[in-house]
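Two complexes follow with subunit A in common, the first pairing it with subunit B and the second with subunit C.
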Partner chain A sequence: MSSRLAKEYKNVAKTLRADQSFSHVLSLGPCSDDNLTHWDAQIMGPADTCYSGYKFTLRIQVTDRYPLEPPKIRFAPFSIPHCNIDFDSGRICLTLLEQEHWSPAWDLLHCVQAIWLLLANPEPDSPLDVDLACLLRAKDYSAHDALVCYYLNGGSHGSRSN
Partner chain B sequence: MSCEECPICYDPLDAAGCRLLDCDHKYHLKCIRRWHHQSQDLKCPTCRKPSQLLEIMESQAIVDLKKFSGVNWLLSEIAEPVINLPGVVEESNRSWSSRSLECGICGDMGPEINAACTGCGMVYHDRCLRVLQLEVGNMGSNLFCCNCHSPLRSSEEPIPSASAGINATGSSIAAAVARVSPGYEAVNRDTVWYEVNESWRLLSQLQQESRQLAESNHKRKIQNHVRRVLHLQSREAPLGSQLTSKDRFTDVNKIVSRQLYRLSGNIYRPETIDYDQEAAALVLNELANFEETSDVH
Partner chain C sequence: MLLEFEKVYPVFSWSWDIPGDENAVKENGDEDLCGICRVSYNGTCPSCKYPGDDCPLVIGECNHNFHVHCIQQWLDTPTAKGLCPMCRQPFSLKRNVAINEFQMGRLAKVLINSQPATLNDDQDMMMEPEFVVR
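Up next is the complex of A and B:
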């Protein structure tokens, strides 16, 4: 399916250039031109959230069976505190990226967009970071935001030292 | 010209396209059937609406996806035109698992699978086994199953199954496949072996049918030329007057068509053979022969 990836690459470049509604996606493309199975993306944290003003890197890996199989997408390790993201590995809990919810009609830009939306809309009921999820469930948003901010600014806490 | 793209592979939709009737979204037959096989449901990837009927755009054949999805999938993998064979779509609402037809090494399936384990029923490509043999450096490794180490059997050997007496129509495939039921437990060697046999038989039958279908297409095209020439000839006296009788017309048509198939090796190749001219010559020859023999009588 590498021809599909090549076409996606072209489409993505065009969309990012032309469509202002994707201005939060700073870049999305293969790491090198001769291997289309590894992509990198850079996104800006959504405005009006505790992630606003920060840049995040996504690592995307596409298997041979793409688009029948979803791409594997992670944040760079130790880069983002979020209740649906494992801080140490950058693993993301998002149903869209699971095989049973994936659809081959989606592309990598859709995935990046969905992940960006997840940053603004955390889902504390299926957490990968229990501490942040507990704060959200208790509706203690100021504590949640403060904790996120602490990590984003390189705070150290046990294995999460940055 | 529409320049619609298949939402799965992003290549342009051409004659191989098909349409889900419940939501009107279009895909390549191969792409959508692969996805249905992978997702184990019949939802449309674009709108998630479950779909039951699919129309193949070129032939406008309608396929019932709920009935018999395993075989439909298999058919679309092997030869798309075969799916239009009458009978494949009707009968039996049992589904059928095509898992038992995947190569145990590469996971692909298709008609070229040609080895099966006599113990657990796993099937393999011969080429995969050979590659494995080279990789592990064990020259005997292509003789035994990777799963259970039982001896393998290759498809050149005769298949000892209940295949006798089944003719090559779609409905008999349906009946044969319905016997291989889903969720089937590998309790004993014979039943597993039976399933593998059935799978093989099914594959070879499908191959044969698609070959026949292709052949009949060639024949039809050749016949068209013959018929046209015959119609022209029948208007020309004196030899053409023979052709006014229907029997004579059919006879000459058959004989000349058969000669033409042989001449072109059963393949229609208009670029190397001028069928109209050849047919005209053969028809005249045939008519003259007949004139002679009837003169003698």
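Up next is the complex of A and C:
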């Protein structure tokens, strides 16, 4: 079904240019024109969250079975602290991306949109980062935000790289 | 005056007869697309070469339309659970629609396999002998 990917490729650029509601999606497209199965996306952290002002990179892998199977989407490793994202691998816990709950009516741009919404709406009841989830469940938002900030600024690895 | 035709180039156009579609407002000449492969209803699914009878369209009871090959592939996946990809209601074919009639048997089989426990009246009807090819 790679013709559907080609179609999405054509439409994504148009949508991103014309539709202001996607202005937080800085880019979304295949890594190279020869191979439509690997895509990259860059999104801005949502305003009024501790991710605001930061850019994040998503790595998207699409199988031959797409759109019957969901795309595999991760954040770049070691790039984002979030209770539903595994910091080391960038793996994302989002029901939409699981085969069980996937529908071919979704497309890559909407997956990216759903992930962006997840940043502003963490779901501490199904965590991949237990520490951040515990802070949210304890409603200790200032500690949560401070810990996120600490990681975003390089954490123990040093100062913010960009 | 005598006119003589030397050559005639007939041009035909066709489109699927989708009931209720005439009221749909088309913006910027956009055609309606199959929700699975995102190709026009009047085009083919990705596995077909020629549109039309080789790659027919089906109309769901929920008014969502797909190339029959696309929806069949989807319903064949275990996770589809017999649901429409657009609205997640149990997918069944709209009755008394001309273009659905030839596809009844084909989809009845898939639907029976995918949702044996949750048959409603629509699927009961589709399990009647004339709809099932075993």
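Assorted remarks:
Please note the rule applied: the second predicted complex is superposed on the first by the 156 of 162 C-alpha atoms of A that agree within 3 Å, B and C clash if a C-alpha of one lies under 4 Å from a C-alpha of the other, contacts with A are read in each partner's own complex, and residues count from 1 in each chain.
Here is the rule we go by: contacts are C-beta pairs under 8 Å (C-beta built on N, C-alpha and C of every residue); 3 or more make two chains touch, one makes a residue touch a chain.
What you see is a predicted model; the values in this text were computed from it and never measured.
Partners subunit B and subunit C, brought together by superposition on subunit A, clash. Applying the stated contact rule after C-alpha superposition, one finds that A:103 touches each of subunit B and subunit C.
In the overlay built on the shared chain, the residue A:129 is in contact with neither subunit B nor subunit C.
In the superposition on chain A, contact is made by A:67 with both subunit B and subunit C.
Superposing on chain A, the segment of subunit B with clashing C-alpha atoms against subunit C, chosen from 22-30, 238-246, 256-264 or 274-282, turns out to be 22-30. Under the contact criterion defined above, the residues of subunit A that touch both subunit B in one complex and subunit C in the other are 1, 3-4, 7-8, 67-69, 100, 103-105. Subunit B contributes residues 7-11, 31, 34-35, 38-39, 45-46, 48 to its touches with subunit A in the complex.
Residues 1-4, 7-8, 67-69, 99-100, 102-105, 107 of subunit A are the ones touching subunit C in the complex.
By the touch criterion stated above, subunit A contacts subunit B in their complex at residues 1, 3-4, 7-8, 65, 67-69, 100, 103-105. If you check the complex, the residues on subunit C that touch subunit A are 35-39, 46, 70, 73-74, 77, 79, 85-86, 88.
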